[in-house]
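Structure record follows, encoded as C-alpha cells.
In order of appearance the chains are A, B, C, D, E and F, and numbering begins at 1 in each one.
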Amino acid sequence: MENIDNEIEKKSIDPRLDNAGWANVLVQALPYFRHWVGKVVVVKYGGNAMLNEDLKHDVMEDIVLLNTIGIHVVLVHGGGPEINHMLDRVGKESKFINGLRYTDAETMEIVQMVLTGKLNKDIVGILLQQGGKAVGLSGVDSGLLRAKKISKDGTDLGFVGEVTEVHPEIIQSLLAQNFIPVVSTVALGEDGDDARYNINADTAAAKIAIALKAEKFIQLTNVPGVLKDVNDPSSLIQRIHIQDVDSLIKDGIIAGGMIPKIECCMLARNGGVPRTHIIDGRVPHSLLIEMFSDRGIGTMIY
Amino acid sequence: MENIDNEIEKKSIDPRLDNAGWANVLVQALPYFRHWVGKVVVVKYGGNAMLNEDLKHDVMEDIVLLNTIGIHVVLVHGGGPEINHMLDRVGKESKFINGLRYTDAETMEIVQMVLTGKLNKDIVGILLQQGGKAVGLSGVDSGLLRAKKISKDGTDLGFVGEVTEVHPEIIQSLLAQNFIPVVSTVALGEDGDDARYNINADTAAAKIAIALKAEKFIQLTNVPGVLKDVNDPSSLIQRIHIQDVDSLIKDGIIAGGMIPKIECCMLARNGGVPRTHIIDGRVPHSLLIEMFSDRGIGTMIY
Amino acid sequence: MENIDNEIEKKSIDPRLDNAGWANVLVQALPYFRHWVGKVVVVKYGGNAMLNEDLKHDVMEDIVLLNTIGIHVVLVHGGGPEINHMLDRVGKESKFINGLRYTDAETMEIVQMVLTGKLNKDIVGILLQQGGKAVGLSGVDSGLLRAKKISKDGTDLGFVGEVTEVHPEIIQSLLAQNFIPVVSTVALGEDGDDARYNINADTAAAKIAIALKAEKFIQLTNVPGVLKDVNDPSSLIQRIHIQDVDSLIKDGIIAGGMIPKIECCMLARNGGVPRTHIIDGRVPHSLLIEMFSDRGIGTMIY
Amino acid sequence: MENIDNEIEKKSIDPRLDNAGWANVLVQALPYFRHWVGKVVVVKYGGNAMLNEDLKHDVMEDIVLLNTIGIHVVLVHGGGPEINHMLDRVGKESKFINGLRYTDAETMEIVQMVLTGKLNKDIVGILLQQGGKAVGLSGVDSGLLRAKKISKDGTDLGFVGEVTEVHPEIIQSLLAQNFIPVVSTVALGEDGDDARYNINADTAAAKIAIALKAEKFIQLTNVPGVLKDVNDPSSLIQRIHIQDVDSLIKDGIIAGGMIPKIECCMLARNGGVPRTHIIDGRVPHSLLIEMFSDRGIGTMIY
Amino acid sequence: MENIDNEIEKKSIDPRLDNAGWANVLVQALPYFRHWVGKVVVVKYGGNAMLNEDLKHDVMEDIVLLNTIGIHVVLVHGGGPEINHMLDRVGKESKFINGLRYTDAETMEIVQMVLTGKLNKDIVGILLQQGGKAVGLSGVDSGLLRAKKISKDGTDLGFVGEVTEVHPEIIQSLLAQNFIPVVSTVALGEDGDDARYNINADTAAAKIAIALKAEKFIQLTNVPGVLKDVNDPSSLIQRIHIQDVDSLIKDGIIAGGMIPKIECCMLARNGGVPRTHIIDGRVPHSLLIEMFSDRGIGTMIY
Amino acid sequence: MENIDNEIEKKSIDPRLDNAGWANVLVQALPYFRHWVGKVVVVKYGGNAMLNEDLKHDVMEDIVLLNTIGIHVVLVHGGGPEINHMLDRVGKESKFINGLRYTDAETMEIVQMVLTGKLNKDIVGILLQQGGKAVGLSGVDSGLLRAKKISKDGTDLGFVGEVTEVHPEIIQSLLAQNFIPVVSTVALGEDGDDARYNINADTAAAKIAIALKAEKFIQLTNVPGVLKDVNDPSSLIQRIHIQDVDSLIKDGIIAGGMIPKIECCMLARNGGVPRTHIIDGRVPHSLLIEMFSDRGIGTMIY
C-alpha cells in the first residue's frame, strides 16, 4: 500500500481485477516503455476525440503519461466546429468561391483567436490538471511555422496558406526541459509578410514531425484505420508499407477522406519519420493502446 | 561602412547628425548597457502605447534591443478596448452590479481569446519582425499564474480573481535560452479549480517581477509620471523613496488613477524589486530613454 | 497497434481484459508515476522472493520498470541458503559459540564468493534480460561499505561486523547515468583493516538508503506485514507511525522476527528516509503494487 | 529617467539632440547589433589612432561597447614610435643593412619589453577603466604565435620572423568567458627555438583572424581607405571584391603604403574571413561607425 | 619538507639517494606523464604477477599512480590456480575430451564465483588500500561482454565461449569520473542466451582495448618479452613491427606460449590500438618502467 | 620500454639507479600526488633561484610537473637585479629619501616593462619549452591587483603601493582550463586611479593565495629556512606553529630578513591558507622535494 496523503490523487483500480492481473498490464507494457523513452512522438489531435469531453480527457491523460515516463511527446491540434460557432456568433458569413471557402482577414482573426486563444489553452489546462507541464504555442511563436499563400486553380482563397518553413528550436528547447509543447496551427507569413495563414493542421503536424526528426507520427482520427471492407470493422489493415499505398488507392481500398490522411502519413514517412499511424480517437486511450500494446487500434504506414 | 548585403535591413541615420554626434549616443549609453546586461527587467505594457501602431512598433523595437544586447526582458501586457470591441461583436452586454462589471463565463471566454489569441500573438509577431525570438505565454501555460475568485464588498463579480501563486519556471527557462517571453494575464484557478480568471494586469506583472527576482519593474503608461502640479508637465518628480509615498498621497500629489499604479510599484518594491518605474509610453522609445540615459522620462519608486 | 518488428519482445495482454480495462490500469498508475520519477528508492531483497525463480523474475521486472520510467532504484540483496549450500560443498562445518555462528576467514571467503560472485551476478543477469542496465557492486567496490568487528556479550564471532561508514559516490554516479546498482552486502574493514566482514543485509540497506537520502526504503520479505492477529491475514495494519511502534511491541503485536525488520525501518526513518515499508515478496509484483496503487500489500512505518 | 546613483558614471547627452533623435540612433543600430552578437571580430590597432590619446580612448570605448553587447572582439596591436624612443633612451643605434633594419638580440629585448610590458598594459588599463575585462597576451603566452627567421634577398636581418603557427586556444578560452584579449605581436620561435621574433603586426593579426575563424577583420589605419583620386577624400571606394584588386593595383589606384594593407586583407580573406576592412582610425569612433551604420568610413575587401 | 600529519602515509626514500638524484627521477618521467595524461590504457593482468603478493601489491601501486596523475587505466584480470583450488575443494574433477578441458555448468559457476567474487574483489581491495577508487566489474555487468559458445574441431567444450560483443559504456562512465574499472572476464551469452561463458582473458582484454579506443594495451606476463635467443635474457627484442611478426614466427623466434600472446597484441593492433606490449610482470613496477622510462622491460608490437 | 618516436623527448635515467630504485621514487611520491591533485598551490618565486639559469630551469620543470599531474599551481614572481640593470641602461638614477627609494613615474614605467615585458615572458617561455601551457598576467590584467599609494613615516615614496583588492577571476578561469598562470606583481590603482604601483611581490603573492583559497603557499627563497643557529644548516626548524612565531622572534631566532618572509607566511595563514612555507630555492628541485617527499627542505608555518 502506498499512501502519500494528499500528494497523490488516488484513482481506484477496477475491483474485478486482482493484483496479478493488474500488475500484468504494467509488466506487459514494459518493453514498449523501454523502447520509447527519450524519443520524439508527434500526435495530431482533432476530430471527434476533440469534441467529446471524456475522450479529450482520456487523450490528455495519455499524453501526460507519455511525458511522465520520459517520452518527448508533442501535441498538434486543429480547430473544428468551435471556429464555425464563433464565426456564427460574430455574424460572419462564410464566402464560397467555386465551392471553396474563402478566408478573409476578419475570418483569419477569428480562426487565430479560437485556435490559439481558446482551444490551445483549454488543452493546456486539461494537461495541467493531469500534472503535465504543458506550454501552448502557435506557429507564430518564435517563428515556428512560416507559410505562403496558396490558390486553387487560380482562385484566390484569401489567407489560406501552406507551410514552407518549420523552425523547431522552441519545441526542442521545451522538450529538453520536459515541458509538453501544445501547438495550434496558425502560421506566420514568410519573411517580410506579416499576415497570418490558415493552414492544414494534419500537414503542419507532419512537417513538424519531420523537422523534429520524430520517431513516430500519429494522427488521432474518427475512423478505425484503413479497412479492406469499409463496412466491416474487423477488416482493419494493421500495417501498410509505403510502396503498397498506390495499389491500395487504385483498388479503391484507400478512398475518400482517407486519402489525405494517408498522404499526410506518406509526407512524414518520406521526410524521415519511420513510423506513421492513423488511429481511432473514438476508442478511449487509443494512444496508449497503440504505443504500449500489440492490440490493433489503427493502421501503420511505414 | 558596413554592408552586409541583404542580411541587414538598413535604416538611415538622421542626415543632420554627424558621425561624432551619432557615435556619442552609443558611447554615452555604454555604462548603462554594461550595468543591465544579464539582469531581469519586467515591462508592463498597456494603455495608449498599445493602441497607437507607431508607438507599439517603437516599444517592440526597444524590447528587441534590450534582448539583443543580453538583458533578460519580460513583456507583460493587458487588454483594453479590443476586449470590449469583441464583446460588442458577439452581442454580449456587460452586466454591472453596483457599478462593478461582472465577468460571467461567456465574457471570460472572450477575454481569454482576445488576450491570448489576438493581442499576445500580435505582439509576438511584431517582435519577430524586429528579429526577436518572442514566445507568447498566458498565465495558464505551465501553470504560470494561479488565482482565486475575489468579491468586492460581498458582491459576486463572477470570474474576477487575484493572483495567489506565480510559477515562473517556464519564463526562466525561456530567458535562459534568449527567448523573449510575452505574457498575457489570464490566470488559472488554484489547484482543483479549473476556471479561468480575469486578473489585474499591473498587479500580475508586479508579482511576476517579484517571482523572477527582477532588478527593475517598469509600467508603460499614458501619463508622464508623478507631477507636483498636475497641469505642469515640467513639475515631474523623478524619484520618490517608498517611505515618502504616504505623505505624497496625503498631500494630494499622488491621486486618482495614479494611486493604483504607485501601489503596484510598492508591491514590487516591497517584494524585493529594487527599482520600479512609471514612465510615459506616449513618448517614442521611452523605454530606451529610461534604461540607457539620464533624461527624465517618468518617476522611479525605489 | 504497434509492431516494432524484432525490436520489442511482445508480451500478450490477458485476453479477458478489454482495451478500456487495460488502459485504465496505466491511467490509474499515472499519479504514482509522476510522484516517484526522479526520486531514490532503495529495495532490500531477500528471503523467499529470492528463492522462487518466478518471484525473482517478477521482482526484476518490477525493478526494470521503475528504472525505465525514471525512478532511481537501488537493489540491495542478501544471501540465504546458497551460502550454506556452498559451505556444505566445501565441507566447511559451521562453528557455533553459545548458539551464535562464528565466521572464520575461510567462511567469510565463501560468503563473499557466493554473494558477490554468484547471487549478485545472477540478479544482474536477470535485470539485463529484462532490458535494465544493471551493474553489480559489493560493499568493497569504491569503499562503499566500511565495517568494524562486533562481538556479542564478549563472545568473539570472527568476521562479523557492523557498518560504520557508507560512501555512496559510486551508487550516485551510476544512478545519474541511469544504471541500476545491485549491491551485495559484504563490507571492507575500516581504514587500515584489510579484512572483509559479514554484515546484516537489512541494516546495510537501511544505511545505504540514509546515505542516499532516499525517499523510500522497502524490505521485500516473506510475511504480509504487521498483522493485528498473526493468524488473520485480513488484519494487516497498513500504516504505523514511528511513535506508535513501542506500544505495538509492548502489546505483542510486533513480535518475534518482525521486531528486527521494524527496527530496520526505524533506523532508516530516523536517518531521514520519510517512508519505510515491509511488504510481502511472495505476492507477485508486490513492488509495483506498493509503488503504483492504493492496494494494501504490506505495512508502512512513517 | 534612470539613476543608479553611484553605480553608473553618467555621461550627458548632447543637449541639442531631442529624445526622438537620440533614440533613433540606438534603434537604427539594432539590426547591426543583432547581426554581430556572438561573432568573432579581430581589430588590428596601430598608427595614429594609437598615438593620439583622445583617439585611443575612443577606440577603447568602442571595443568595450562591442564586448558588452556580446560581440567576441579581439584587439591586436603593434608598436610604433615608443620602440624607437626606448631604443634611443638605452643608446641603442639601429643598424641598417642595405636599407633594412637589423634586429639584434638586444633590440629584440627592447621591442618585447615595450610591446608587452608597456603598450599592451596601457591598452589593458584603458579598457579596464571603461569597464571591459581585458587581458593582455603576447604571442609567447600559451605558445599563441610561433615564427621562423626570415631573410630578405639573402640578407640576415637578425630576429625578424614570420608567423608559421597560431595556437588560438588561449584566445578562445578567454572569449568564451567574456574577457577581451589584447594581443601584442611578439612571437616565439618554432619548437626547439627559444628565440623571440619581431613580426609584422598586420600579418599576425590577419593570421589570428583566420585561426579564430573570425567573421570580420578590421585594420584601424591613418588613411581614409582606398581613394580613386588620392587627393580627393570624397573619391573613397567603399567596397572592393577580391578579384578586382589586381586591376586596381595595375591602374595605380592601390599603390604605395596601401599595397601591404590590402595584401593583409587578402591574406585574411583567402584564409576564410568573409569581410576585411581598412578604416580610418583618425575619425573618432570609426569602429562603431563601421560596425553599426551604413556610413562610409573606409574600404571593405570582400 | 611536507608533513600533512596523518593525512599522508609517509614512505621513506632510499637514504642512499640524494635529493638531486631523487628529483631527477620525477623530472625524467615528466615528458611521459605529459604524453599519457587523459589517454586510455588497458592492462591485462595475470600469471605470476598475480600470485606473488609483493608483485601484486606493486602492480596495484602502479595502477593507482597512473590513475592519480590522470591516465584512464583499466585493469583486466584472469583467474589461474585459485579456480583449480576451488574446484578441488568442492570435489569437482575436471573432465577432458581429447586433451581439452570441458566446462560444465557446475564448473562455470565455480569459475564465475572465484573470478568475480574473490579475485576481483581482492584486487579492488588492494587498489583501495593504495587510495584508488576501484570498482569491480564482470562481463555480465551492464552487458559488458557478450559471448557465443565455441567448439574445437567439433568437440563440445561446454560453456567455453568467445567474445562477440563489447558494450563499453559502463567502463567509459566510470573512467569519466576517475574510478578505476577492474574487469573479470566472465561473459554473458548473446541476446536471449542466459548462460555464462568461460572466455580467454587475454583476448577479452584486447577486445575491451579496441572498444575503448585505447592508446595502449599491455599484457603483464611472466616472460621477459620476445628473446632472439630464448636462453639469453639480454637478447630481448624491444620493438617488433606488426608486419615482421610472420617472419619471426617462421624463424622460430616467436614460438610456443609466446604465439598466443603475440596474436593477442596483433588483434588489438589491427583493431586500432597503436601500441601493444608484452612486459615482464616479475620485475617489480614493470608497468611504471614501461610507461615512464626508456628502459627495456619487454617487447612492443606496433 | 616505451618509445613514442619523436613525440617524447627522452631523458636518460641515472645509470647507477636500478629499476627497483627508480620505481621506488615514483611509488614513494604517490601518496603526495594523491593528496595534492586538484588543489591550488601558490608559489612565490624570486631571489637567487631566479638568477641562476639552471635553477630557473629546474623550478620551471617542477611547476610543469605539478600542473601535468593535475595540481592547480600559480607562479608569482618579483623582479630583482634586472630592474636596476635597466634603470642603469636608461641612465635613471635612483632617488633616495631618508634611505628609502623613491619610485617616480619614469621608474615605475621601467619596473613595469621589465617585470611584465621581460621577466614574465622569459618565465612563460621556459614553461612552454617544458610543455606547460603557461599564460603571463600582470596585476593590471582583468584588474587582478588593485593598490593604493603608501607613504612611510609621512615620506612620499612616489608610486609605491600596497595591494587593497585581489580579483582572482582571471586566474580561476585559467586554472579551470589547465593553464599555468604566471603573475608579475605590478598593480593598478583603485577605481578611478589610473596609476601603476610598485608593490611588494611576497605580500602580493600571499594575498593572491588567500583570494584563491589556496591549500599551500610557498616562498622560494635563498635561505635554507629558519635555523636555530644561523651558522649551522643542520639546525633547521622544519615546522613552526603560528602561535610560536612571536617567541621565536623575541628569542632572536627569527630575525633580520627572515622576519618579513615569516610575516608574509603569517598573512597567508591568517587569511585561511593552511600551510605556508619558506624553502630553499638554491637546492635543485626543492619544490618537488617539499611537495612530494618528507625530506626537510625548509620551514613550514602552519
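We take it that a residue touches a chain if its C-beta (ideal position, glycine included) is under 8 Å from a C-beta of that chain, and two chains touch if they have at least 3 such contacts.
What you are looking at is a predicted structure, and each value in this text was computed from that prediction instead of being measured.
J.: Suppose you hop from chain A to any chain it touches, then on again the same way; how many hops at least until you reach chain F?
T.: 3
J.: List every chain that touches both chain B and chain D.
T.: Under the touch definition, chain B and chain D have no mutual neighbours whatsoever.
J.: Mind checking the rotation angle between the two copies, chain D and chain E? C-alpha superposition, nearest 5 degrees is fine.
T.: 120
J.: Over half of interface residue numbers shared between chain E and chain F means same, under half means different, so which is it?
T.: At the contact between chain E and chain F, which are copies of one sequence, the residues are largely the same (over half shared).
J.: Which whole number of Å gives the spacing of the CA centres of chain A and chain D?
T.: Computed value for the inter-centroid distance: 56 Å.
J.: Suppose each chain is reduced to the average of its Cα coordinates; what separation in Å results between chain C and chain E?
T.: Averaging C-alpha atoms per chain gives centres 34 Å apart.
J.: Report, in whole Å, the distance between the mean C-alpha point of chain C and the mean C-alpha point of chain D.
T.: Between these chains, centre-to-centre, one finds 68 Å.
J.: Which chain E residues sit where two or more other chains touch them?
T.: Not one residue in chain E touches at least two other chains.
J.: May I ask you to sort the chain touch graph into line, ring, star, complete or other?
T.: Topology of the interface graph: a ring, with each chain touching two neighbours.
J.: Could you read off the chains around the ring in order, chain B leading and chain D following?
T.: Sequence of chains in the ring starting at chain B, next chain D: B, D, F, E, C, A.
J.: Taking the touch rule as given, give the residues of chain A at its contact with chain B in the complex, in rising order.
T.: 89-91, 109, 112-118, 120-121, 124-125, 128-129, 133-138, 140-143, 169-170, 173-174, 177, 179, 186, 188, 194, 196
J.: Write out the stretch or stretches of chain B touching chain D in their complex.
T.: 1-4, 7-14, 17, 19-35, 37, 58, 61-62, 64-65, 68-70, 130-131, 238-239, 275, 283-286, 288-298, 300
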